[in-house]
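Following are the structures in question.
Here chain A shows up in two complexes: once beside chain B, once beside chain C.
This part shows the complex of A and B:
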């Protein structure tokens, strides 16, 4: 019996995550972890489209902002119930994602990346300039915390941490189910070769559009959670700077891997918090780190780990075969 | 069953094929001969719906299919096995085959039957069903590519150069399998450079040069044709 199996590792991680509020000495760590979980949900969204379907989207900070502003406006200005607003925020993001996807997915590869970069910037501009609706640069203030569910309240740092953690676990589970299903393999087939996918009868446009809308759903959900957690949002959350942060989390963690978004986001958020004394010189560390990872580990930390694991397994197998061979010769 | 009437396909300003007239009857094996870039693959792409026609019309079982979406064509029974054994290298052999049944994804029992049929045709694939497709040898990859195409239960199977880059013994096996598939009632359109082997199993053939058909006839006529012999058989 091996104790260090993948399953036990995951169970240990989940137990650790749930006991973290009791371990952490102050709310600062809790706050930081909650925030990185929220970012991780958005990165999972980007990963579904860019990692598994092969379409690098640079519009997802925009969809994050749409989710955040939808929740903010619905709760602050329309005074809607939080949970209803959360569902509406996700649906609004998906609806806008559907319309943008219809046009964006007519382009491919770098044209798609550039097109979505423009879309992201336009979303940012609309939020920034449409003062009548969004309050422009002043931002939206006084977004309520998540509403109570029966006796459960969400007014402490720990309770919000648990709420976001549960959402994150649900997102990872959904992602796991998607990529293990025929749907996931269909996305990977499209990433592999769109022509080939078509020859075996996959309707590529339909599948790309579903992947796009699903990925905006995750981004919108993350945005809505962000708005209710920080309680204040400004147009900057939809900026290209945020987009490239998210992309960096994904690339460092491992694009097209299941654990990559979480690993990359946690690592970089914690690293950047701990290097805060360096101020903007932090980028002197991140820049080279990113370059090295892209050159040597194109599938990030998670990808490098999978490769290492596989190599070890292959070595074990060939070791077993070698022994059998020797035994056969002896016999 | 399949009829191409004066078909032309342009890539930008470049005319890839022009004035292509092909007729395939049900149950036949029809071979397209020609050098690289002569227009065989483009003809396939136009039939499967991936390349848009700039002229002409294609009928399948009497229905015009020019401009129809590729996935619709697969559902109606036209499937192409692409050149160069294009597989999904990270997926296992069985996952590749299951992807081939994508259009029948809701019919679980049917997929199981097709899987059994493909494994019966290519026992080596059953043996390796858990291996990654990228780890197979060239011949096995070609078998997997054909097997995956068969998973969609086609009426018309288009094979693009199935013998390219394979050892002579494997090529022979491949053509035997193609004949066996044909005996099951599947019509076959075959693009080949190996004219001798292809014509030996075919009913008729068309010879492509620079995007146009220059010679056509029954297999025996083509085998007897001096120009064809010189260009493709080397005797």
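This part shows the complex of A and C:
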């Protein structure tokens, strides 16, 4: 019986995550962790499209902003119920994502990256300039916290932490189910060779579009949670700076791995909180880090860990084989 | 009528700058098939180096520009040697991400060294000239003339010299070029050098009429991407024509449509183009 199995490890992590508010009686850590969970949800969205399907999207900060602004506008200006607004925000993001994906996915590789970069910029500019709707640079103030569900309220830091944690776990579970299913295999087939995928009868456009819309859904959900958590949003959340931050979380954690987005986001958010004195200049370290990682560890920390594990297993196996060989000779 | 002519002239000015930036981008793309997202940061750095040469060392404008060309060109060479060469066999996704990493670093670096403030560059050619009832500063005229001169020189270099033709050869076929004995690594470094130099020229010319700040490359690089998609990725005449088309549509759009949304014009243009033709206008018969 081994205690250190993967399953037990995951269970221990989840128990730790749930007991965290009791262990750390500190609202600051809770706030930071909640925020990084929200970012992680968005990074999972990018990972689905860029990591598994092979399309580098640079528009996801835009979709994040669309989710956030949809929720903000629906609750502040239309005074809608929070939960209804959350669902609507995700649907709006998906609808816009669907329309953009329909066109964007006709392009490939570099064109797709450039196209989405421009789409992201257009979203940012529209939010920034359309003052009648979005209040422009002044931002949207007074977004309500999540509404009550029966007796459960969300007015303390711990309760909001749990809310976001549950959403994050759900997102990870969905991702796990997707990549273990035929759908996930299909996405990876498209990533590895789109022509080949088409040859074996995969409708690439349909699958790419599903992946794109799903990934915008995650980004929109993260945006909506962000808006209700921070309770103030400005056009900056759709800027390319945020996009590059998200991309960096993904790359450092490991693109195309299941645990990568969470590992990368937690690590970098905590690191940049501790390097607060560097705030403006943190890219002096993170920029070269990104470049070095992509050159030497293209699958990030999670990928490097998997490789190490596999190598160890291979060594163990060859060791066992060697022993058997010796025994056979002796016998 | 006068406004129209004035705006056409403005379009010619910004178009010249866009063309120079796009030329550097398209050269690198043609050779290495890398969309160099860091090109905008090279542009920004070029502006800063010219500016600090002028303010700190009191060097004259042209000399400062020359230093800037050399420094940024060498930086381009370093990027090729230590980043992109290591990624030559990697999937295309990696080049893009590495370029983004460099972009983030260079921007933070500029902010670290020169601060986040906006700087103005005073050019010795600030005089106002009046020709046929049109008024404009000499600097704008200088931008147009120098940009065209640079383009002509680049054309002559590529067509008439040995080094230039190796670049063309490599953009036509990398295997073919190495079969006839062209050193691919040297050509790649040379291309990055020229590309960086072009970015430095463009920003040194444009800075006196704009401002110098760490984010000055953002919009320019995005527009340069629009241009090279417009003109065909890797096509040199395409970059020049595309640059002027964008320059004119922006300056006319700013006057006749909306000044607030003038930056969006380029992106709308791109979205329309890629919607109609996903591989870009004038795309060479790839794949």
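One rule holds in what follows: the second predicted complex is superposed on the first by the 329 of 331 C-alpha atoms of A that agree within 3 Å, B and C clash if a C-alpha of one lies under 4 Å from a C-alpha of the other, contacts with A are read in each partner's own complex, and residues count from 1 in each chain.
Note that in this section a residue touches a chain if its C-beta (ideal position, glycine included) is under 8 Å from a C-beta of that chain, and two chains touch if they have at least 3 such contacts.
None of the values given here were measured: they were computed from a predicted structure.
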Chain B versus chain C as contact partner of A:193, first or second or both or neither: first
First, second, both or neither for A:152, with chain B first and chain C second: neither
Partner chain in contact with A:109 - chain B first, chain C second, else both or neither: second
Contact breadth on chain A, by residue count: chain C or chain B: C
Partner chain in contact with A:118 - chain B first, chain C second, else both or neither: second
Which superposed partner A:284 touches (first chain B, second chain C, both, neither): second
First (chain B), second (chain C), both or neither touched by A:84: neither
Residues of chain A contacting chain B in one complex and chain C in the other: none
Complex contacts: residues of chain A adjacent to chain C: 50, 54, 56, 103-104, 106-111, 113-115, 117-119, 121-122, 125-126, 129, 240, 244, 247-248, 251, 255, 280-284, 286-291, 294-295, 298
Chain A-facing residues of chain C, complex: 29, 33, 35, 83, 86-87, 90, 92-94, 96-98, 100-109, 111-112, 116, 218, 222, 225-226, 229, 233, 260-261, 263-264, 267-268, 270-271, 274-275, 278-280
Chain B to chain A touching residues, read off their complex: 48-50, 69-71, 73-75, 79-82, 86, 88-91, 95, 98-100, 102-103, 105, 148-149, 152
Touch list for chain A against partner chain B, complex: 182, 185-186, 188-189, 192-193, 195-196, 198-204
